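Several structures are given next for inspection.
Two complexes come next, and they have one chain in common, chain A, joined by chain B in the first and chain C in the second.
Let's turn to the complex of A and B:
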């Protein structure tokens, strides 16, 4: 009798185990998401993924950190060549263009509701829309977006400069020289391409002509931007390392940089001086701010229909008002929906975090790089020209002419 | 009877021979599979890739002959990075070796705390380059760095902007290279020094040879196989300098105005930085290979004149 009962019990237990196993095997869809997020950014992303999984018990989001963006791009390159990319990943626009060459991505535009698409700021729609088989399609969605803002030391100035002229004047006024050393710089210049492009754009510059066959970096706007930066140079700390540290140390009174650096500025300035962000000082043509950061794409090669559907579900979740606000609060990136930026929840957050006011303003005043598959090389050429001018090796005209010529012949001709 | 025995013996030997050979190859197989997969195949394949227009995902990768090589040779940045690499090799390998030999000789004498110094000198070699670079970023920091503190505040020299002034970028890389690799050279030299038979020194002493003579006529010649080995290894390592530059100027940017762009950084720039032109990158890698190969061959030839094996 006892024996019989034991056998029955065992059988039931086995059956139960089997049932649980099959349920798990058939129901959980694994979605691997390759990203480059660390620290607070990763914590927030993990929290969002957990929230999503709580609502979607049949989906497992596997966040896989791949190193910095350089590593991420190299790994994606190798994975796609091997026909085995993750289901979804962060990606910059010029990588996306390469992935499209391999026909590796599924379009996301027709997976989103029209209401969501209309809610995404125009500049971000532009940067996620690609020409595929002669038709424009929204292939990716914006993810970790930051805008250029002005960081300023509130102990040194009450009002931040509003125009280029004011920026130059304040930089002059706040530069302190003792003996032969500059103990405090009014401004900071970091010689990377986007820093120059920010000024170039505000002077009315366009990097390429309409049909992307000619580089216009040596236009009047280019020379104007270079000359202006040359005027700022004597009052600026010039270094290739991030400016948040010297700003925090009180060595630099203000600088223009990506809002992604907010957390770094906060920790560098802590206990030393007050700081705030402001809208960018406007140039002669506009006061627009460069929006940078990656988008999310979903791969159609090496993935199953079910996985892609689950990934799309996660993308929809990330593009919900609640998620994008949670993301922005936790990371310092921008909310990527206009309705989210205008929502009570976000406005309430901004009221207690005034440094986010300028970044929110800049979402609607943003501009992005045009799509060009050779953007990496083109950026290098522009950066070289920028450095040459800043280091006094060439005049603005000579450096920009040389860059434009090289870009035309090497990277735009075919 | 005798004949059949001999045949039997031969058969046995043949069977044994093949069995032994098979066994030996079986033992070699794991190493061969690993080396073949990760060393030989990529090495040979890189030649194949370098003769094709291997633009990341382009569906067709046409054969282009030497076009990738021509393109590389036409690129100013290639020549600049070649020059920086040669500069680095010349300015780092010889001083590192000379200094390492000097320290090794000191450490070889019976001084107090010898094992402490030996460990101390070897530490940089096993220190993670990224971590070390972080320290160097601080030492060479223009405003707060230790080095500028000495140069500026104690010696009254101008502040040097080590990382942003193109003139000083290579010196930083070289100094870091010397600091990093000297420990490895010291250990090799020490091993070489300890291999020298004490009898020679005793005999020299009897003949009244002084320290310098003993060093010049006993130590140096008998150390020459070690010196040669260290030289070849350092040279090859120096030609492949990458990590330091990559970490000091993040993202493979190669420093201000590409002033610290070396061949390997250039290779990364062409292949993986974002252009993803793998055909051209393979060409760069092969050019570097041929360069190192030729220089090593020349070294081998020249070594016959100055390397003495005991």
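Let's turn to the complex of A and C:
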């Protein structure tokens, strides 16, 4: 009787163990990914996550939209302070520096193959590499990247300008004044920091000195860029709203803007005139384009080893040639691998979408913001100086000197 | 003989009255246009194709009426669920706040207790702390309660409103104390006096508090976004953020969604406007 009971007990225990193992085997590892993607971008991200989950049935990617970038940044900071960030998230470089201060991120460089790292354009490697405990480490990976390109009206010009001099001349030629009204502007100027920095960089400017202790925005390059933009101003529509609408309406013949705005340009110009993108007109020193957009980081606080491993697996997938091309096709962002940009699949896509040729060219001719935790405030100071000069309230030297002095004393001195 | 000077006549009463009325109506009309223009603009933009939303000179009447904007806006995010959540949260929050506010305002207006004024000033002092400063500490508190992504996080922190207490206290103060004496003679206790006399008299004030809360809750964005992670817990204002992208905003669809989101508030205001205006006027804070 006792023997029978013992066997029964053993059988039940074995069955129980089997059941526990089965549950453990079927239980998915959940990876929450906080992002700021909407519409077509979100659809493409969802498709990629589904594709990944089909190949990794034990991983569940939970995409969680957290509003615009500002909202996402606030929420990430709050979540880190509360000790429960998501497993992975989109992040800009200045946020990343704050997260690193809280020792919240795991390095991703060790998790990627050397072949993948070599395949990422150098400017993007630089923007994702941080000094952690005295050592440089690739902490995040590039995700939604766009480049500055020239949008031009193909009904008004066959060939876009290739240099600053040509840009000024074409802007003059295409500006049409009737009576007191300008009915068509050759160019468009939108007073935001990246617009100015684009010209500043092409004039050979560096925002900070080597050890990031002094702002150099008032250097010779800064003055040169401002003076050039002042020369362009009489032939430019100056407005703080996006320029895709006046461009589409035929009021602006060309403008420099982010490739992320391609869908808006296409929609605004539809049925009105032809348009195309081109490489940026080159400045006195270079023709490089500013690369913007966020990266992806994986959090080490508040997450388990298994979750982090699953997140790394998803990061590897997103950095595969196939996924980066699918992402670029669906969203208009850049493929973030050199091999992807050169691949037959991408070239075939570009052949049918010629507006993507210039953005592809710019991947290898890109530059990025240097790392500075106070970049948000610094950008705002530069923007104020840019606006003051454009509105004739200050000379380039006076405005840039004042901005540099304020940035030095308030954001770089400690 | 010296000729009599003609009597100087001022403008007739009728003419003065006409000028007064003309000025009044003119100013009211200007005010009405200023107030209505954003609404008209919102409705007009909600029917425009994207390419016409920011044209110069601006056009109030779209050249093509694009009704699909409403369908596309509705399909951009799970708005059905967002509307349900907005209604549910706003109604529960409003009911809870009205009850809590009535009790607190009554205590401050009609009862004597130790440190009443100090406590009331301390209450008012909390209104001077910007909400943004409390965002992170409140988030941390709710995380420790495991309330993130639940209705508790969306409702409980907003059940008490100092502004509501202040508004109703002012209202209750205008009710003569003799009524309490009379109620006591008739054998009423505090609770009976509050529910049978104070609350019915104060209906306009209570309606104003309820409306302020409902509108505040309906429009809340940042807090909802911060304490929720899944679309099933979010509200209409969060849905509106789906139309903004880093490269531009789909203004036509955004305005279509905003028009849909504004309708419940508009309907509510139409039904309660008399009480609402009386409530503000009688509380002495207009």
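Annotations
Assume the second predicted complex is superposed on the first by the 389 of 414 C-alpha atoms of A that agree within 3 Å, B and C clash if a C-alpha of one lies under 4 Å from a C-alpha of the other, contacts with A are read in each partner's own complex, and residues count from 1 in each chain.
FYI, a contact is a pair of C-beta atoms (placed from the backbone, for glycine too) under 8 Å apart; a residue touches a chain by one contact, two chains touch by 3 or more.
This one's a predicted model, so the numbers in the text were calculated from it and none came from an experiment.
After overlaying the two complexes on the shared chain, residue contacts for A:263 are found with chain C alone; chain B is out of touch. In the superposition on chain A, A:241 makes contact with both chain B and chain C. In the superposed pair of complexes, A:326 makes contact with neither chain B nor chain C.
Once the two complexes are overlaid on the shared chain, A:251 sits against chain B and chain C alike. When the two complexes are superposed, the chain touching more residues of chain A, out of chain B and chain C, is C.
When the shared chain is aligned, chain B and chain C each come close enough to touch A:74.
Shared-chain residue A:391: touches chain B; no touch with chain C. Looking at chain A, you'll find residues 74, 77, 81, 241, 246, 249, 251 touch chain B in one structure and chain C in the other.
Partner chain B is touched in their complex by these residues of chain A: 70, 73-74, 77, 80-81, 94-95, 98-99, 101-102, 104, 180-181, 191, 238-241, 246, 249, 251, 374-377, 380, 383-384, 387-388, 391, 393. Residues 56-59, 137, 142-144, 158-159, 161, 163-166, 249, 251-253, 255-258, 269, 272-276 of chain B are the ones that touch chain A when the two sit in their complex.
Contact residues of chain A toward chain C in the complex are 32, 34, 36, 38-39, 41, 64-69, 71, 74-75, 77-79, 81-84, 86, 146, 241-242, 244-246, 248-249, 251, 258, 260-264, 267-270, 272, 293.
In the complex of the two chains, the chain C residues touching chain A come out as 50-51, 53-56, 76, 135-136, 139-140, 143-144, 148, 222, 225-226, 229-231, 238, 241-248, 250.
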